[in-house]
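Chain lettering (A, B, C and D) follows the sequence in which the chains are written, and residue indices restart at 1 in each chain.
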Amino acid sequence: MFSEKGVERLLSVIAFSAISALALIALFIFIEGIPFLLKYGIKDFLLSSDWRPESGKFGIYPMISASFWVMLGAMLVGAPFGIAGAIFLAEFTPKTVMHIIKPAIELLAAVPSVIYGFIGVVVLAPIIREVFGGPGLSLLAGAIILGIMILPTVISISIDSILAVPASFREGSLALGATIWQTVHMLTIKAAKSGIIASIILGMGRAIGETMAVIMVTGNAVMIPNSALDSVRTLTANIALEMSYATGMHREALFATGVVLFIVIIFLNAIASVVIRKKVITK
Amino acid sequence: MKKHLILFCFITAVIFFGCGKGKVSVTLAGSTAFQPFAEKIADEYMKANPNITITVQGGGSAVGIQSANSGAAQIGMADLVKLPDEAKELTSTIVAQDGIAVIVNPKNKIENLSTEQLRDVFNGKINNWKEIGGGDEPITVVSREAGSGTRSSFEKIVTGIKLVDKAVIQNSNGTIRETVANDENSIGYISHGILNEKVKGLKIDNVECTTESIIANNYKLVRPIFLLTKGTPAGEVKKFIDYILTDEIQLMIKKDGLLPAK
Amino acid sequence: MSLEKNIKIDTRHLNLYFFEEKILKDINLEITSNQILGIIGPAGSGKTTFLRSLNRMNELEPGSRIEGQILLDGIDIYNSELDVISLRKRVGIVFALPVALPMSIYENVVYGVRLSGIKDKARLDEIVEKSLSAAFLWDELKDRLNLSGLRLSGGQQQRLCLARVLAMEPDVILLDEPCSGLDPISTSWIEDALIELKKNYTIVLVTNNTMQAARVADKTAFFLMGELLEVGLTKQIFTAPVKQETNDYITGRFG
Amino acid sequence: MRVSPKYTQIGAVTILGAATAFTVAILIFIIIFVLEKGLPVLSFNFLFTNPSDMGRSGGILPILIGTVLLPVLAIIVAAPLGICTSVYLVEFTLESRVTRLIRFGTDCLAGVPSIIFGLFGFIFFVTILGMGWSIMSGGLSLALMILPTIIRTSEEAIRAVPKAYREVSFSLGASRWQTVRKVVLPNALPGVVTGVVLGIGRSIEETAVVIFTAGSSLLIPTSLFDSTRTMAVHFYILAREGLSMENAYGTAASLIIAVLIVNLTAYWMMHRFIAKRN
């Protein structure tokens, strides 16, 4: 059929083109965004809170702080529930039950984000408006919806890393008379720590990158939030909201927002890969 | 062997499918305000001319200008009071006019705002409904995103607007209408064409936003809708634009809430 | 038959490096046809590396480099037209850990043969029966050929590995401590098989169990620190070794 | 005073169990919320008739077609590319600084917000290559979006195949490619399939990229260069523009059922494959 050399060459061509296509995207975003950063000034762009494209003012500090707070809020909602769920399912639930619930939860990762966003608008936002006041479409709504959206990611990866802790550890501890909970919090969680942290970092990536659901529930006001009830606009929302009407400098500024987003993602991934490598070494 | 056969059939199907377009196709893109009308007109037009496909895309006025420039669409749609520099090279035809309705939730008691009040509300100077005769509730201002045709037209006509920071931003007429319909304390503005019973249109300076008042030139929040083409329209593109300008279609547009071009 | 004609593999001044480290030092060893050569020596003496160099498996590790010659039937396997794939078909290897591929017993046995392009079902059936019989597995497994190879016990898996090599009808069979993880009964099954097989094959057996070498090998070589210290008839090595180190190792006084 | 381990155990289990129950309840609520409102709308008619009046009434036939075509095109392009790339990276190259850089790069791109792929697709496919808003532009943009995920998951799966299997295969005279085809890929298959299913899921649920590159036409596409609309986009437009809540819920329900079918089929196929081999 194919000669060995032929196959290898074919594969290398495919690999090279796939990787260069991906590199092209990264390159493309930087080419579109960097000139603006240099022209406008990185400091002004990142640290000014004045975003008035119609009068040539492009400060994205409010969006950076909004992205940060929404991400943090999503973590506060998603991480405790996700990790608690993972521990409960992995350690205190019969294996058969877990093997049904885990895929079911993973399935929820595939529920379209627009549906989460929509439920945020019609169910969550009115509740927030009634109970706490404010416009309802707020940082709080965004944090809760994103927190729910990252649950499947956090639970699924955490379960995997808890199950990867060798059974001998657990048996050793139980044989010494420890209860399951003592074993879990003194031993299993420590051993699975890096996997759990990795799941949270991945969740953070998802939270910071989510676009449609965030546009729908956060209200998109350009302001540094004073409370969780204020309406905010994240970096992704900034791009998606305004790109369709943007021209000239405004459009370049949105690509520069993309560059900032890209760098944040690279930074998060760098942390994640350090955590994961540490896991490999300690193993 | 069977696998190869299936693969072969599939590839053949794709090729046939891919090449199976014998129809003439015209693409419109841009303004979300005119998009629904364009779609309806396109439907009518295709019924009469079955061998032509007309595709309508949203995206916003900037997309309309860009794609008309780049050729991604033969016709760009824009709803700006004043076209930006990028559109200089393009031929523009006004096909309709559109009123901008200021809307509040139907539960709101307010019926009328003066231009000054409107300006102060959007600038954040007035931030409670009781200051302008409503209940004691904070005002939630809802506006379009920077660059939007509706927003720049609105701001240009009202003048002196520096939008309050905490304004909620939505990126289409429909989403503003939904937001206002959901929130009793909010105020926003949308294309007159998509006004419905879920929200209440306010009188501005005691003039109601109706087709009649706009035609009579009494209502001030009005902007034109442009179709943009590269060079002078010709062939199918020209036919379609001419079709939009026929009395029959202009009447249809009017019935649905837009205003005729002239 | 002259002695020269009987030499199957001949290594000449063989040096093997991993990156800068010299693992094998100037190995000169002649391996006679239709005999079992036992290779003994302490851990880290280079015996496994030597074995793997005989069918170029060492090349799969990054940083491996070779000097000198290995002649198979007089042809240098490293510097000739002989390509590595056909070499490995002629020189089969059984590893220390029994590794059944995750497929049926039948598919495990015919894996190599299928790769050579034999597709005829009857021919394959014949090969399976012959190879499994030679590895003393046929009677146990003939009704369960579609069972996954992974379901077998360690001893069965190791004999399956042997059968898999036999199916390709190689000239030489290399065995790398094939019995290290097996119980005495499985071990004796394999040893019996090897003695039967040397009629048709040249066998090189690396073993940590000196008694195993004494039981089955015609000749025995003793490796130490990457050097070939001594090689000779098994009886002579075990009764009257030339070197003191050999004697110490065999009598268990080494180190 | 020290609390007895027995009580901390009971306390912990209660708290963890409550958190789990709450989590599962919320997730179930989301599904039920959509299905309860959507299922009554769903019918043969709804699925297989054309929409009218911008989707206010009528069915979702063209959207159904778009929802099948776009992910299929994306996966046809991305799966072979991604799997071949990961095979090449793991099996045909040595671990080096370059492969680590590539891995880090694909990791980053897997986390890049989809909107950026949408921008790229809009400029590159729609405008520069002149494909317009079309199934082609959309499919290719989606393919690029899911490519990093597929590369990374299949790379992990391939790496996880025991080294001993490869050694055995080589020792029996298999070439590198034969080893990959006969031993490595069959064993990595579950992981590879997971990656592909994730990719299909992501392209079905994606909204931003599709709006930017495939447009939102409601006509039945007659060629790969026609614009189309997927269920996620249709739902977004219907719900956000307040066109028709009924049809929006109907679309959402079909969307969730579609995702369910894709996932269950993949699980089923994988189990069958594994069962067949053992």
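The working rule: a contact is a pair of C-beta atoms (placed from the backbone, for glycine too) under 8 Å apart; a residue touches a chain by one contact, two chains touch by 3 or more.
Predicted model, so just to flag it, every value in this text is computed and none were measured.
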Interchain centroid distance [CA atoms averaged], subunit B/subunit D, Å: 33
Cα-centroid distance, subunit B relative to subunit C, in whole angstrom: 79
Chain centre separation (subunit A, subunit C; CA means) in Å: 53
Gap in Å, rounded to a whole number, between the CA centres of subunit D and subunit A: 17
In subunit D, residues with contacts to at least two other chains: 175, 240
Contacts with two or more other chains, residues of subunit A listed in rising order: 240
Of all residues in subunit C, the ones touching two or more other chains: none
Graph class of chain-chain contacts, one of line, ring, star, complete, other: other
Touching chain combinations (by label order): A-B, A-D, B-D, C-D
Subunit B - residues contacting subunit A, complex: 58-63, 65-66, 84-86, 138, 140, 145-149, 152, 155, 162, 165-171, 178-179, 182-183, 185-186
Footprint of subunit D on subunit A - complex, ascending: 2, 4, 7-8, 10-12, 14-15, 17-19, 21-23, 25-26, 28-29, 32, 80-82, 84-85, 87-89, 92, 101, 103, 105, 107-116, 118-119, 123, 148, 151-152, 155, 178-182, 184-185, 202, 205-206, 208-212, 216, 236, 239-240, 243, 255, 258, 261-262, 265-266, 268-270, 272-273
Residues of subunit C touching subunit D in the complex: 55, 57, 60, 62, 85-86, 88-89, 92-93, 95, 97, 99, 101-104, 111-112, 115-116, 148, 150-151, 161, 164-165, 168
Residue ranges of subunit D touching subunit B (in the complex, touch as defined): 53-54, 126-127, 130, 132-133, 211-212, 215-219, 222-227, 240-243
Complex contacts: residues of subunit D adjacent to subunit C: 94, 162, 164-175, 178, 182-183, 186-187, 277-278
